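Note that the chains are named A, B and C in the order they appear, and that numbering of residues resets to 1 at the start of each chain.
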Amino acid sequence: MSEGVVHGAVYSVLIVTVVLTATAMALWFERKFAARLQTRLGPTMVGPSGLLQPVADLLKLLQKEDIVPENADPAIFNLVPPLAALVALGAAAVVPFSPSVVASDLDVGVLYVLAVGAVTVLPVFGAGWASNNKLALLGGMRAVAQSISYEVPLLLAAMVPVILSGSLRLGTIVQTQADHHWFVVWPFFIGLPAFGIFVLAMLAEANRIPFDIPEAESELVAGVTTEYTGMKFAIFLMAEYIHTLVASAVGAALFLGGWDGPFRPGLHWMVLKTLLLFTGLYWIRWSLLRFRADQLMGLCWKVLVPTGVLLVGAAAVWVVFR
Amino acid sequence: MTALPTVQITRRIDPHLSVDRYDPEGELMLLHFGPQHPSTHGVFRMDLYLDGEKVVKVVPHVGYLHRAVEKLCETLAYVQITPIVDKNDYVAPMTNEQALNMAFEAALKLEVPRRARWMRTIFAELQRIASHLLWLGTFALDLGGALGGGSTVFLHCFRERELVLDLFEEVTGARFHYNTHTIGGNRHDLPAGWSAKVHAALDLIGPRIDEYEAMTLQNRIFLDRTAGVGTLDAELALELGITGPILRACGVDHDLRRDAPFHAYDEVKVRVVTAQGGDCLARARVRLGEMRESVRLVREMVDGVPEGSINSGKPVKLPVQTKIPPGQVYVAIETPRGELGSYLISDGTQFPYRLKIRPPSLHALSALPYVIPGGTVSDAVAILGSMDPIMGEVDR
Amino acid sequence: MKGYLSSAARALATSFHNLLRKPVTVEFPKVIRPRAERYRASFALLHEDDGDEACIGCLQCERICPSQVIAIKAGGKRESPISGKKRGYADDFVLDLNACIYCELCVQVCPTDAIVMTREPELPAYGREDLVLTMARLYANEKSKHRAWGDATRLNGMQVPPKPPKVEATAAAPAKPAPAPSAGAAAATTSPSPGAAAGPAPSAGTAAPVAPSSPGAASVAPAAEGGSPAGPGGKGTT
């Protein structure tokens, strides 16, 4: 028992450190990538090719005035930003980065990931409520509606690898893919659409374009984060990046085979797949316009959920008749 | 104006809906949209009464950018007015200057030489391209967000806009606020090699318009956000005095360039772009079509600028002393936003007695209480973006 | 759903295409984008060729400025230290760039081409005082900054077609009445664009460019007939 605790503690610290560092790198990467998509250069001045830009951003945000609105609820207002980051980090605990590197390979790994994903809506709503700002409130309400609705396709899509591998444990899912085929490769007619639904639902959970209606800048100034300044705002931003990174890692584990690869399976494959998925998400973000709230809901309930149900059924049939 | 089948709306929204009577329990949320907001296209405030996400009533407030331009012009000599009214519609300054100088020329009964008229036409069409490019960029920003797909379109549009501004820099020396028109004609003549540069720039811009259409008019998400949103019927538009692309998107075939030609528009054929539907999508279609038409017109005209002087008046030693005999005159031109009119009352001195500018964006904004209610907050942003208001000319 | 997928695919493809394009960024301040010849940025006061100050303190620029940014202390008529003649001077000349709207009206109206604009690429300053151009700075800008193309003579010269010199008037007189916009066509051969060639005064300047065409003074008429009614006077514009 104690050995498991030590193992978990060590790997937790390791993973958190790595994820936070990766967030800083992701900041730089996103700005450069987005800039290239727009035929411009991105950060070039701070450090070689702008590599120290995240440091500069952090320092800038650190030295800003910390404003709490007069009628805001101070307890929730101040508590929410670190909570958002922590909850986003929580899902990384069960992701198998390699056959040996995993903080805690729970038997109910997938359930844990989905539960943590569901909890991520609470800090967002808390920020919307506690800010005492109508724009933030609108953003918070939209976030709740969107997140709760998109839980369902996320769950249905996550059920497909569970059914195909027969276990909720992420380590087993990755092992099954390593032994047979990645789920997007075979059966691709089940795995690929399920992966697509998973990506869309993940985008919606993370409030990314095209589903970023809760923090739509052009409509709600900054949505739920309108009243946040300085470091709290920085933590919110970080929480968003962490959520995307971790969700990419989960997606890579569930559908893309995790640490498996054509030759020498290991940690590097997991990192590569996470990065690829991450890049794809940013590519989508910087190319598409956003959905309106009711269109977003329509897409969820009228398209993604029926397809998800069909896919779960198909996966079950596949397993029975394989 | 020819009568085309236009959109008819039978039950019109009442913009003067009394919220107290409609909502006695005070369950509607009042949201002040602006004046500091990323999407209000300048300092503009809209009071939105919201029932959840649905907008029930809209009260627009203008005047945040009022700079007393008309009053200021009463103390300025006529030649000094041009650089001041440059700043009204700060996105299309060429047409501002042209409208004012046309009013002065009409009051003085000066005929502008043919070369100057051709140059003014070319400048106006190039300015139309630049203005519509800016509109497209900001509209995409409204729909897609400053951090996301909208900013990609925005940066592409500004990349092309720079080409047009470089052309203007070659001629006038300024990229914005040119002060290149004066009473009787233009101040700057075309430098050598300018038309070759124009062709080079249009060779870049022309195909990019196809790219913009692919990114917007053929994009399913864009269509979802703009089709059927903010439908304005032609009758209401005409009642409110709306002109320009908004009116043409309601199906009304009215364009001052063709119907009341000014500059050199009587020497070229302007193909007026109209669309059916009166919604945001129709307005987007009209503006993109106008961009193509402007590219075609400039290509047609830029090589054929006639020789001659660019100013019909003699250069006076003291242009400050130009006096306009008493009288009043109204002159209107077609800017990228609609009909911009200048109404001048002169009293024989070197200062105007009254100079009134009729901005097209003000009339466009007056349609907001009619078209926004019924939609959501997202629709409000899309509709405001599609009206393309410029607060500089709304408030003056 | 299909529409969404194809639109998304096309949007992603357009983005990807842009990924492969060369960035359009001009890396300021390593690279400074060249400004046009006529670009108007700041101001300079000039000296005459003989070294005397060109500004005669006539206050025309001060009067015409719409923003009233020029403040001149006229010095009255004094004897010039260089030419010995009595002429006006400006004792002090202050131009406030903070409020200037860069309309070029002061340049256009100057009778002695004393004030011109310069085309420096940028005008950074650490404080508002740095942007108030004193007389010393204005005269220093004469040598230290690139001048914009426009000065009063050139700007006014662009607006008036230069008159043909009297020598050609008799030879061209029979040809002149024939085509109506012949005055404009005469300008066509000298062409509006090399206004620089038109030089300071119309009569002095046109002697040079018109001379080569003097045997073609008779050719002015057919050229004009061919040029103006047909419209495309492309000879002159490019």
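Following the convention adopted for this analysis, contacts are C-beta pairs under 8 Å (C-beta built on N, C-alpha and C of every residue); 3 or more make two chains touch, one makes a residue touch a chain.
Since this is a predicted model, take the numbers as computed values, not measurements.
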{"item": "A-B compared against A-C, more contacting pairs", "value": "A-B"}
{"item": "Chain nearest the global centroid, as defined over all protein CA atoms shown", "value": "B"}
{"item": "For subunit B paired with subunit C, centre-to-centre distance based on mean C-alpha positions, whole Å", "value": "29"}
{"item": "For subunit A paired with subunit B, centre-to-centre distance based on mean C-alpha positions, whole Å", "value": "43"}
{"item": "Subunit A-subunit C separation of Cα centroids, rounded to whole Å", "value": "58"}
{"item": "Overlap residues in subunit B, where contacts from two or more other chains coincide", "value": "149, 152, 156, 159, 219, 221-222"}
{"item": "Multi-chain contact residues (two or more partners), subunit C", "value": "4, 8, 11, 14-15, 18, 24"}
{"item": "Subunit A residues counted as touching two or more neighbouring chains", "value": "37-40, 286-288"}
{"item": "Subunit B-facing residues of subunit C, complex", "value": "3-4, 6-8, 10-11, 14-15, 18, 24, 35-40, 60, 63-66, 101-105, 108-109, 111, 117, 119, 148-150, 155-156, 158-161, 181, 183-185, 187-188, 191-195, 227-228, 231-234, 236-238"}
{"item": "Footprint of subunit A on subunit C - complex, ascending", "value": "1, 4, 8, 11-12, 14-16, 18-19, 21-25, 27"}
{"item": "Residue ranges of subunit B in contact with subunit A within the complex", "value": "29-31, 37-39, 50, 53, 140-152, 155-156, 159, 219, 221-222, 224-225, 376-379, 381"}
{"item": "Complex contact set, residues of subunit A against subunit B", "value": "37-40, 134-135, 138, 142, 209-210, 212-213, 216-221, 285-295"}
{"item": "Interfacial residue positions of subunit B with respect to subunit C in the complex", "value": "76-77, 79-84, 113, 115, 149, 152, 156, 159, 166, 169-174, 177, 179, 182, 185-196, 211, 214-215, 218-222, 303-311, 314-315, 317-320"}
